Amino acid sequence: MEIPKLVITDIDGVWTDGGMFYDKTNQEFKKFNTSDSVGVLFLKYLEIPLVIITGENTNIVQRRAEKLKIDQVHLGVSNKLELAKSICKNLNITLNEVAFIGDDINDIELLSKVGFSAVPNNSPSYIKNIVDLVLKTNGGDGAFREFVEHLVNKFSSIDNMLLKYFEEKNLTQ
Amino acid sequence: MEIPKLVITDIDGVWTDGGMFYDKTNQEFKKFNTSDSVGVLFLKYLEIPLVIITGENTNIVQRRAEKLKIDQVHLGVSNKLELAKSICKNLNITLNEVAFIGDDINDIELLSKVGFSAVPNNSPSYIKNIVDLVLKTNGGDGAFREFVEHLVNKFSSIDNMLLKYFEEKNLTQ
Amino acid sequence: MEIPKLVITDIDGVWTDGGMFYDKTNQEFKKFNTSDSVGVLFLKYLEIPLVIITGENTNIVQRRAEKLKIDQVHLGVSNKLELAKSICKNLNITLNEVAFIGDDINDIELLSKVGFSAVPNNSPSYIKNIVDLVLKTNGGDGAFREFVEHLVNKFSSIDNMLLKYFEEKNLTQ
Amino acid sequence: MEIPKLVITDIDGVWTDGGMFYDKTNQEFKKFNTSDSVGVLFLKYLEIPLVIITGENTNIVQRRAEKLKIDQVHLGVSNKLELAKSICKNLNITLNEVAFIGDDINDIELLSKVGFSAVPNNSPSYIKNIVDLVLKTNGGDGAFREFVEHLVNKFSSIDNMLLKYFEEKNLTQ
């Protein structure tokens, strides 16, 4: 595979451990991991756009995306493959140029069609069997970051990423 | 055992790790796992009705049940065996046709009377000793899903489940 | 040691993993484990009174105690040994007749003076070294229950506890 | 290294496991560990001032600092090295006299410039490689306390710390 022209990520089970915190009224929490924010940053340095596609329809994901300055967030998506095709069409790229990280049955179709697919270590075995990369990390423990660092090590290097990080830091100060 | 005609599940310690989050006022949280929602789906495909029976009396469980479209939720139940008998009577089935997943002492009577019983891996040893299946997963880590997938593998197959999942997906779009 | 005439328990690090959840305003959460509630029940069957003594001064502990019907809760205690002495005096017993579970430096004095002392597995090694029993369980994972079941196995049996549990259940229905 | 004249600590990933709990509105939680509060206490006994420097800008950290009576809290810091230099200048000490615990890429510059540097066990390998001490504990599991106890064991002893703890306890009662 060449360097991907787009990265798509699922949220629940990837950016979280699948946990959904409910209270007695109408509130809900998700637990994200700040470690994954470095994955978002490294993708920016690799100049690969990032899109969130999730089946859940909750403002929680919107808030996390805003914090990390991710523009493209698609909530409440029942057919991820169709949406990904449509996004690819707009970008004039093919699914083969997409890298996608998911974790469960609603990700199977897209996982099996993209150029590079990955799941966290705690995904079901029958989903692990169909992807290119099974990560060492579980969902919520930095699986997204490990996924991005895999791309970094394949197409650039962590050292390059850190150089860009320090360059940008000096420019903004 | 034939394929069960009813599945009953406990909540705390099965759908959660037993954790009860309290604040300073009147609020409480439980942490569910989205992985278990696939268990609910697979039971639907197996055409086995699902009933929640819990000793706790909290709207948190009601909310989770509504999210997963589970109709039958019994809260604040002190005698699970009696209630299960009454449910069986209404459905014209016997306890021997029920599969039940619990985890602690208030589940013992029902666990020992149903046709198929299971507990998460972190249940007390004296409860593990009386059930048909000790799951590999702990409560809150997808124990309910593992329980359902055990039934799937016994009476159907994951492949069948996925076929039904994709069929239904195409119908609703 | 004879059967203790009083059990004293710390909360943070024993009934929890030491976690303190803070929000941006004035709210705080603790995560308890429903597994420990069976420990409270078994102590009742053993007819050993239970007292909570904690250095923290928060309504969260009060709420948990009320849920589990524990009358004696002492919050914001800086000198646990002095308070324990005073409680013993009122009950006309000695510290040697007390079993205590704590986990950290503010528990050292009381741990070293009671008849039977225990800490969760994740306590500091220099505190583990001074107690009678290092539990297999970590704080928040059911350490209090393991502590009580240790007493149960020493002075009665789990079978006896379950008999009492079923007796009481039948009486109240 | 001589005994440090200043200890600087990061928060997310050190005092927490990197977890950021988001709700649907505007609220956020962090999970601290009461075990680390003993680290704060031991630093006081060692007479080493403690400064919190974090890239995040949230009142959550302020609240935790107030609970533990830590005066110096710097939120929303993009360049930790520059700030640390300025703090050192005011105290008339050098970076070589500073011990710092961080965990991620925004800590690299300061980690590589201080006299003694440490990271939790779950830090990225390329950050572990540049520090003096990789702790056994993960962030949020008491990594900060292990870091302080390392200093205690190097320049004093746990026994001395406990002596001071009991002395102070008797004075205030």
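Structural remarks
Chains: A, B, C and D, in written order; residue numbering restarts at 1 for each.
Note that in this section a residue touches a chain if its C-beta (ideal position, glycine included) is under 8 Å from a C-beta of that chain, and two chains touch if they have at least 3 such contacts.
The structure displayed is predicted, hence computed values, not measured ones.
Comparing the residue numbers each copy contributes, chain A and chain B share less than half of them at their mutual interface. Using the average of C-alpha coordinates as each chain's centre, A ends up farthest from chain C. Chain copies chain A and chain D are related through a rotation whose angle, from the C-alpha fit, is 90° to the nearest 5. Between chain B and chain C, the centres computed from C-alpha atoms are 31 Å apart. Contact with two or more other chains is made by residues 21, 29 of chain C. Interchain contacts close the chains into one ring where each touches exactly two others, per the touch definition above. Inter-chain contacts occur between A-B, A-D, B-C, C-D.
Listed in rising order, the residues of chain B touching chain C in the complex are 12-13, 17-25, 29, 78-79, 82, 104-105, 108-109, 126.
Remark: chain C residues 21, 27-35, 38, 58-60, 63-64, 142, 158, 162, 165-166, 169, 172-173 touch chain B in the complex.
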